[in-house]
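Following this line, the structures themselves.
Next, two complexes with chain A in common: one pairs it with chain B, the other with chain C.
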Partner chain A sequence: DGVAVLPAPQNISVQSTNMKHVLTWSPVMVPEEIVYYSVEYQGEYESLYMSHIWIPSNWCSPTTGLECDITDDITATVPYNLRVRATLGSQTSAWSTLKHPFNRNSTTLIPPGMEVTKDGFHLVIKLEDLGPQFEFFVAYWRREPGAKEHVKVVRPGGIPMHLETMEPGATYCVKARTFVKAIGRYSAFSQAECVKVQGESLPL
Partner chain B sequence: GQEFQFGPCRVEGIVLQELWEAFWDMKDVVQAQDNITNVRLLRKEVLQNVSEAESCYLIHSLLKFYLNTIFKNYREKAVKFRILRSFSTLANNFVVIMSKLQPSQENEMFPISENARRRFLLFQREFKQLDREVALTKAFGEMDILLTWMETFYQ
Partner chain C sequence: LRRCLISIDMHRIEESFRGIKKAIQAKDTMQNVTILSPSESLHSIKPLDACCMTKNLLAFYVDRVFKDHQELDPQLLRKISSIANSFLYMQKTLQQCHEQRLCHCRQEATNATRIIHDNYDQLEVRSAAIKSLGELDIFLAWIDKNHQGTSDA
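Presenting the complex of A and B:
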């Protein structure tokens, strides 16, 4: 009667980097057949008050792929249960549930990509666009003994931002890190990038 | 980053925009079910001129009621109206807020907490005077009023 004949998907796991969460699993092998997969989730509230109710993932119910972008499904900083099952025609597998609930506060935050340029004497930075969840802390300084470090908060990324009007002949350095409000965490700082301004440096 | 500051109660980690987007996704479906337009549960007397000090007590009572009564009993409707995604986003973010609210229990705060309780009881009494299903539908549809009030404490 088409119930749980297929083996359930195995090796379910979540890879999460910079608040982009991807659920992956191993394929259910059926020679010369296309197997479909369905993903469902439940947040802490559902598992507490309505544990029988699971919500179909926005993008992957169903899918033929072996991964599912669940970023749009995870919309609160609470533990989420996730499960996957296989379907082939009228045959469906049992559900495989992620061993440990996933919380977005465990995402890996990596330093942002950035482009540091000169527009004449203007120091300009363009940060990677990581989406609305991200703010950027940009630190910049003139490379000289005892230089003071300045910090600017930039939101959002993807737009060139003027940092400083530079002195001729001087070298300026910039580094940046991200802050994610929803989980209250920072990334590490990026490598510093430096630019040198043409012209004679002014006497101090 | 922005956070909620309900008087002494500070709540981080909530992106209010996510809550608004979840409500807007279901607003038409939910509010279309509410035919009693001359009654409002979250009336002015409940939410207007709430002092900072009162706000932590009031939001705690309101969210507790929403989670334990309104969401809990609205879930079949959420399945029926296919709004489980929005329902889940709001419910789980309310769980986060609740987990971070610690209203002070000190005696000297009693007059303030009592004020907040009176406001909440106004809301609850209005809720209980309506038919159960009607009250659930109206309260669920009034979450934009609740979010608008909460936004005044988001800084």
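Presenting the complex of A and C:
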């Protein structure tokens, strides 16, 4: 096993948005040399019952980059320990461990992207495809005093979805938010988007 | 179990199990013996006892099976870790449910659990762990059956 002479990577942190989790660290600088990094993780189970067990990350053992997509490693809603070390030839650094375990329930959920269109008199929405873990709550209403708000659950995203058959001359508005069942959390609602239908509004 | 709403990604667990099933079951040298024998224990459990039985079996796997199995293959280790940590999360969720006294444990569930532990104790510990891992699909299918109707709630 290589002697630990390389400095260990510093400034380890996780950025997590919409259930995509990326581990980042600062470079270990060795002039005119390529330094490799290895990432390992252990879930709460391992840390409780098998603390000697660390599992190589799926994508980054090794890597020359300064970040690692650990989304496929974090597969349960429990705290995960993460660590990184540097390697150069036979030289290996000590492990640097993330200060606080990461739990995916802390991910930042941002409102979904959406396209609201008219297909003749049909109100159609196409939501951003965020992957199988996401459901979408779509609220839509006719813009008039006292209008009732309707809600539809859409799963998955990425496919145009018919919401309503609209009346001529009326304006309809739509907003959406995401729900991730695995962590039991919602995003905020998106900005509302409105469309106006051609033609004369029908006499009451 | 319906009232103990557990927001578990069963598809992910089943996918992880499919990834280990062939390799694990190939290591099981005693095919004529079973630990989670469906006829005797699990399928005789009534809905009223489902939550307690789930809790007991999660503990069986978390406290015994995963500990007793030493996996060296990194790919298998990844998938077993995924299942073990998901079971740990399920335990926590059911624990909250138990505190709301929605997860009663009657004698039937206790007896069925003891049969499974007795079956486990009959075997050498590594063999017992391998067999129990290979029979995870029985437990997962049973959870799915008792879990229907809550996953879209």
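Heads up, the rule we're going with is that the second predicted complex is superposed on the first by the 202 of 204 C-alpha atoms of A that agree within 3 Å, B and C clash if a C-alpha of one lies under 4 Å from a C-alpha of the other, contacts with A are read in each partner's own complex, and residues count from 1 in each chain.
Quick note on the criterion: contacts are C-beta pairs under 8 Å (C-beta built on N, C-alpha and C of every residue); 3 or more make two chains touch, one makes a residue touch a chain.
Just so you know, these numbers come straight off a predicted model, no measurement behind them.
Look at chain A after the overlay: chain B and chain C clash there.
Judged by the touch definition given at the top, the superposed model places A:55 against both chain B and chain C. Of the two partner chains placed by the overlay, only chain B lies in contact with A:179; chain C stays clear of it. Judged by the touch definition given at the top, the superposed model places A:133 against both chain B and chain C. Counting contacts as defined above, chain A residues 42-46, 48-50, 53, 55, 58, 73, 75-78, 132-133, 181-184 meet chain B in one complex and chain C in the other. Of all residues in chain C, only 7-9, 11-12, 16, 62, 66-67, 74, 77-78, 81-82, 84-89, 92, 151 touch chain A in the complex they form. Within the complex formed with chain C, the residues of chain A that make contact are 42-46, 48-50, 53, 55-56, 58, 73, 75-78, 132-133, 181-184. Residues 42-46, 48-50, 53, 55, 58, 73, 75-78, 105, 132-133, 135, 179, 181-184 of chain A are the ones that touch chain B when the two sit in their complex. For chain B in complex with chain A, the residues that touch the partner chain are 1-3, 12-15, 17-18, 22, 67, 71-72, 75, 79, 84-85, 88-89, 91-96.
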